[in-house]
Amino acid sequence: MLTARRGGASWHWTDVFTYLYLAFGVCLMFGPVLWLALSSFKTPAGLLEFPPTLLPLGQIEVEVEGHDKPLPLYEVTMEDGSVRELAQIRRIGIIAQMVDPADPETSIRVPIASREPIREFRVAWENYTNPLERFNFLTYLNNSVIVTVVATLITLLINSMAAFGLAIYEFKGRNAVMLFVIGTLMIPITIILVPAYLVVTQLNMVNTLWAVILPGAATPTGVFLLRQYMLTLPRDLIEAARMDKASEWAIYWRIVLPLSLPAIAVLAIFSVMWRWNDFLWPLVVLNRSEVYTLQIGLNAFQGELDVQWHYVLAMTVVTLIPVALVFAFLQRFITTGIASTGMK
Amino acid sequence: MTEIILKDVRKAYGDVEVIHGIDLSIDSGKFVVFVGPSGCGKSTLLRIIAGLEGVTSGDVVIDGDVVNEQPASERGLAMVFQSYALYPHMSVYKNMAFGLENSKMRREEIDRRVNDAASMLQITPYLKRRPKALSGGQRQRVAIGRAIVRDPKAFLFDEPLSNLDAELRVAMRKELASLHAKLGGTMIYVTHDQVEAMTLANTIVVLNAGRIEQVGAPLDLYNRPQNTFVAGFIGSPRMNLVDAAAEASDGRIELVTGPQRIAISSSIRITRSDKITFGARPEHIEIVDEKDADITATVDLSEQLGGETYLYCTPDGMPQLTVHQLGQLPVQRGQEVHLRFDRASMHLFDGDGKVIANGIPQ
Amino acid sequence: MRILFGLLETPFRALQRLLGIGRMPYIFLLPNLAFFGIFVIVPLIINFAFSVTGGDELFLNDRPYIGGEQYSYLADCGNYLDPQSCREDRFWRGIYNTITFVFFQVAFMVLFSLITALILNREIRGRGFFRAAFFFPVLLSPVVVALIWKWILLRDGVLNAGLTSIGFERILFFVDPTWSMFWAIFVSIWAHMGFYTLILLAGLQAIPPDLYEAAEMDGTKRERVFWRITLPLLWPNLLVVIVLALIKAVQIFDEVFVLTGGGPGTATQFIVQYIYTTGFSNQVQNFGLAAAASVVLGVVLFVLTLVQLAVTRRREDG
Amino acid sequence: ETELRITWYNDGNEGEVMREILDRYEAANPDVKVTLDVVPYKAILESLPVQLAAGEGPDLARVTDLGGLSEHYMDLTPHISDAAYWETNFGPFLKWLRQPGDDSAISGFMTQLTVTGPYVNKTLFEQAGVDLPGDGATWDDWAVAVREVADKLEIPIPMAWDRSGHRVSGPAISMGAKMFDADGKPALVDDGLKAMAGKLYDWHQDGTMPKELWGSVSGSQYLGANEDFANAQVAMYMSGSWQIPQFADKIGDAFDWWAVPAPCGPAACTGMPGGAALVALKTSEHPEEVGKLMDYLSSEEVLNEFYGKTLFIPGHLGLAANGVEFQTDDPRAKHALETFAAAVPGISPTAFDLQGYVNNRVMFNALISRLGEAIVGELTLDEAYDRMTQDVEQQIAEKERGG
Amino acid sequence: MTEIILKDVRKAYGDVEVIHGIDLSIDSGKFVVFVGPSGCGKSTLLRIIAGLEGVTSGDVVIDGDVVNEQPASERGLAMVFQSYALYPHMSVYKNMAFGLENSKMRREEIDRRVNDAASMLQITPYLKRRPKALSGGQRQRVAIGRAIVRDPKAFLFDEPLSNLDAELRVAMRKELASLHAKLGGTMIYVTHDQVEAMTLANTIVVLNAGRIEQVGAPLDLYNRPQNTFVAGFIGSPRMNLVDAAAEASDGRIELVTGPQRIAISSSIRITRSDKITFGARPEHIEIVDEKDADITATVDLSEQLGGETYLYCTPDGMPQLTVHQLGQLPVQRGQEVHLRFDRASMHLFDGDGKVIANGIPQ
């Protein structure tokens, strides 16, 4: 029985399996993200390296007398088998001209295959600072935040209103509306991209944040999730409120909404995720930089012929930070909330 | 002070009629209790009065106005739910103030009313707590408080005590009685608990399958049930009801059931009949000497509660009888006892279950 | 909040007076349905209109009506089981790839979410943390998920580094159709498993603990408890998970597109990617054909929905 | 104040260079503000066409589907000061931007002329002791040489070609592919193309080329081997002039990366010309200002600075002839720039025609996607040829259906 | 036939000890009932015996074997849960057969046992149904049936009737009693219901806060409670317990509480003391003439149940007393009544709540 182990009882194979599975699972779930984060601090050259290093490294450079610029330091295996630390002056073909920093006068010729760069832990902050300086980062951030917040608020409001209508009342056409809602759960946005764009142009919303905010506001998932939750609220409460002279709006706003908080929190989390991560749709409807969201702005490093990976990774990490924060703050809602909403 | 009248009220869900024409008049200031078996329509009737359900036909009249079309929020009644239905996200204070806020009452007035009700119900110390942090009895009081503050035309209660444990139920029952004495408002109370009905009501309405069986004061129902349903329903443990045939003999009437014959005075006008039912409450069957006995029975089970004893015993050819005696009877399973029905408290019903006599003169 | 409430309460109260409580649900539904109609239903209708017209023009006025031609083009096959014999071979390959993907992805998704849920349902220390850890990837955008894994799986990625360091050959994962499909399935499970795990976890927690105690009193072995008690009682939740996972799997696009690019060849090109490329990322944007394919997809998904509805309905009844 | 919007994408630093130039322009023209909307390249390829079709485009855009979008271009002729200057200096490229049948419109200029051609890792050749095949070497000669290098040094990838129709087309034309029939209609598959495609196919089977590019993604997606080359995993890399800035940046002097002239086939020794153009769009409401801006941007002085700083091959005949001052002190980059610039005159006219053909991407896409499917074994080569022809026919027919 | 012995059993959850050393011996074939207030550890103790919880220290001995380390599944006991814990996805038959299948019993034998149990419990017609399709009482019977078929060493019941309504509870209680009479196995039964405990038990174990207060036969506990806790706990309504001082005067002893003085015979050996508690059950207070009365009290509330009457009345300076009388007393709120404590049934406890006397000779 994989459910609970009582204190005192002897170890069952499932106990061992459980802990192995969990250890492995945590590595598997967090490992890749950590790897991404570490990689984002590597230089473009560091990223290309194989085998990859765990930590970001940079080659050590030393000042050598008689040379204006600092020279890169190498570990060289000499012909006699001894190992020396030498700085490289230049490389011509397969021969490097090197110099011992202690003895700047004599230059030594070394085949390039016998040297290894000497490196140290070095964080390439420029992966972060360059793009952030180069772009109107704050504008993009601002837009993303506006889109995420406003869209989430609208989504929460109209979805919860609809869910309220569907959960609390019995009325003609209720089943039809539900079927409709569930039916549209099935349609991936990708396949109606172009017609949806047409609608947005007709509404003159292209290049406004509304074009990103409004179309996704009426999520079927949200209506469905909230309704299922509201169905579990005791009907007595609603009747008690009616006896208390509450208007239907007051019942919605002051009774049902606060009580649906766990489900609303879950929807809020999802909505924030959807909006924050949204890429394809904004790419179509936003083409002016003052309305770019972060996802568009930061993906501008994906060119035609070259992807500037060091920037892409760094910017991916930047967009992950809010996700991580949301995660940290709302983690208890996520784990208990989704379970309690049942999302069925 | 509010008078509520139901005129031929009917209610159907879809094709199924569950309330079959109820006529009832509830006088102002009275404590009326609806009792009846589960599913008989008690809650439905209460909710019809509250306005939470519409009627299919008939009228609900409150203080002379037909309110059929008025939504619950405008009828000015207050209801206490079985589940209490306290708003879990509001403090006790907020719970009680909610209804007043809805009618846009002034802050100070709300404050005054809530505090008055709270101190009357002794829940002032909990005003800031959430319902979750209260015990069952406290919650119950908050639910009542929420009704009181509104100063409603009438109070409706739907099994308000059934979620409490036995001891608390007794205590709350006493509080409700004194509350009614204090407030004096019209109260309609649904319960399936005998004791609550008997002790709280001015008037008990016995419902069965969507119809009224009998309306009356508690002891009236206990002493003079109009039919076997009420006889069996009121009183705990149930009245022993035995089917018998009535045979006249010797200027007396004999109730014949199986081999047993119980003679009663012929002062009762009863025609010879094959189908009759006689009833005797467990507390109205005495254990007597053989010579005085109506019947002899074998004890199936004796339940000694200390202060009282229940005997379950079966006379030859008759269904089991319950006998209730004070004190600790030294009776064993399998023993024979001689029983006598107290004639003055015996009930006779005809073949349709209608009463013939409540109490038979010796 | 309070102000917003007050602001909206007055008109709503007036509406309620005017219409009666019976009509209030329509008022509550209105905003959502309006948005929905404008941004989903209208596009769906346009999409259908696209599917019965031709050309590469965007506006319907400019597109000639061609009836079911796009559909018959899609359906033009020598042998439906052999994409090679079809006019639009990629559409059919997309379908068959999708079927393969859905089959394995759903099977393993359910299996692993079940195992994870069972494990997370045990009384282990730090259960909250572990639950969160398994849920975490659900929050990542599909593009990020794919980027992360692509970065790991490339020729010079960390996985190959690991393999070579323990003496294996490098594997070019994205060159081998089987590996590509494997990773497409793996990564999509990685990304979404947490969600399904939580649904199952909720189901497991809804099983009354005294049933387990009763089983224990009945002298039941652990394995048998799992098969005879846990699994049957979890079945409704499992069904939900299966159906949801099924629908999501049919819709798969972004992750796999960024991860494998649909390759090698067309080995991981799925139906939505086919629609996307045909209608959007080819030089001649063939809206009509893409729309026809998406209508076909829509019908399939709708059938799946009906199945789900039937299933849940039965669960509620039975 | 008028605001002009340019939808732009970046491969390297060209956005920054352009911004500097625009800043100066704005300073000189205080009534005009020019905004550079930098988007991912994906948006240029996928979103922009829909936006333009819906009439929602910007004033200008940097595009690569030169012919495909030509119906949306504005004719700048009335708005520029000196049409003759444009004809003289941009003549051959203006054609690429015109719709079929039009031979006068002026819509923009090339921000970057690209020439496809191979790079080699000269250091690897030296280490392996293999000589670089000289001028006039054929693709087969190169294949032999790179295999030898790879064998000796255990380099994983002897030769890599970008997964791009554009890249294959040069060599295909060298092998005798005609691309069009006598009526000028597209005729992708002929013996020349088959010869090239066959080689490509064989090289993938025998390990000369890695399957990671052609055998990896599906459809018409682009994949480059630039990172593998920069990482010294590749002996010879068939790409193009646009790689120069990033190689200068990423490789530095880690090894000698050398651009070499296009290898030969029986018909020619040609690469493909191409590039990105900055075009004016019909959707603009300020044609006058757009014209003025284009005048400024297309001036020899500004372009000299632009090409020089971005290390792009000039799309300006005058500058090409006089030589641009490339702002790099990397000898390898200089050599590469010279090599590609010198290749321009030798480009086959077929290559120019193909580049100028409106639906050329339809042909490229058919070529790569089907060739890719053949390389991984989903199709035989012959099936692939049939599918290519069918793809091109179907898409062009669909396009023509709308009129 | 199984004997169960607990030796200094202790149980702690984390740092909190909830069972503080229980010694108890349950004889084979006996029906033992655990009662006590909520949270006192009844369920915990039962689950310790079942093996569903381990002990922190002490031993559980079943038929002479220490079973501390034996898992529940191997102890051979059967348990009936408050929630019934029927497997909702199995038919009644399967529910009952499940435990037998676990022990790899032969099909025919399983069949025989299930059918026997089913017919004994009168659930044969429902064998094919799922538990959901059964009423509360039927489910209860299936739960018992599931226990019976296993022929366990002992039956453990954790409040098995508490989910049933009043009437059904009475019926099931009777069935359980006759079941024990029929099967004769050892049964341990947890309840908080007075009546169940009194009527079912051979032995009642009164628990309080993890300790045993008293063990004895039901009437023994009723008649001779050893301390105020048991006195107050056993019997319903509760015994009236009044704090008083004992003063000797005139060769008699007077119990002084407020202004009231109640004289009792000095045959009780009681030293003059400030702190004493006397108890009188509601049924042991009589309404008498003023001259015979111990005290006079005002009626706060009278509850007329028909067959019996509860009076709540407050004597001057004393807490409220509950009085229980048979019949319908014509007593009104506010009226004065004269009360006398039946000396033979009066209980005296010392300052620590320990008994001094159960019943005072006149």
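Note that the chains are named A, B, C, D and E in the order they appear, and that numbering of residues resets to 1 at the start of each chain.
The definition used in the following text is that a contact is a pair of C-beta atoms (placed from the backbone, for glycine too) under 8 Å apart; a residue touches a chain by one contact, two chains touch by 3 or more.
Only a predicted model underlies this, so the values are computations on that prediction, with no experimental measurement involved.
Identification of common neighbours of subunit A and subunit E yields B, C. The largest tally of C-beta contacts between two chains is found for A-C.
The innermost chain, defined by the distance from its C-alpha mean to the mean of all protein C-alpha atoms, is C. Look at where the CA atoms of subunit A average out and do the same for subunit C: the two points lie 19 Å apart. Taking each chain's centre as the average of its CA atoms, subunit D and subunit E sit 93 Å apart. One simple way to say how far apart two chains are is to compare their mean CA positions; for subunit B and subunit E this gives 27 Å. With centres defined as mean CA coordinates, subunit C is found 57 Å away from subunit B. In subunit E, the residues that touch at least two other chains are 71.
Shared interface positions of subunit A, i.e. residues touching 2 or more other chains, are given as 48-50, 194, 198, 247, 250, 254. Each of the following residues of subunit C touches two or more other chains: 21, 58-59, 155-156, 215, 280, 285. Residues 234, 236-237, 239-247, 250, 254-255, 258-259, 261 of subunit A touch subunit B in their complex. Touching subunit A in their complex are the following residues of subunit B: 47, 50-52, 71-74, 77-79, 81-83, 85-89, 98-99, 102-103, 146, 150. On the subunit C side of its complex with subunit E, the touching residues are 208, 210-211, 213-221, 224, 228-229, 232-233, 235.
Put simply, subunit D touches subunit C in their complex at residues 45-46, 49-50, 53-54, 65, 68, 156, 210-212, 215-221, 223, 228, 231, 359, 361-362, 365, 372-373, 375-379, 383, 387, 390, 395-396, 398-399, 401-403. On subunit D, the positions that touch subunit A within their shared complex are 5, 7, 9-12, 16, 35-44, 46-48, 50-51, 54-56, 58, 64, 122-123, 126-127, 222, 224, 226-227, 230-231, 242-243, 246, 249-250, 253-254, 256, 276.
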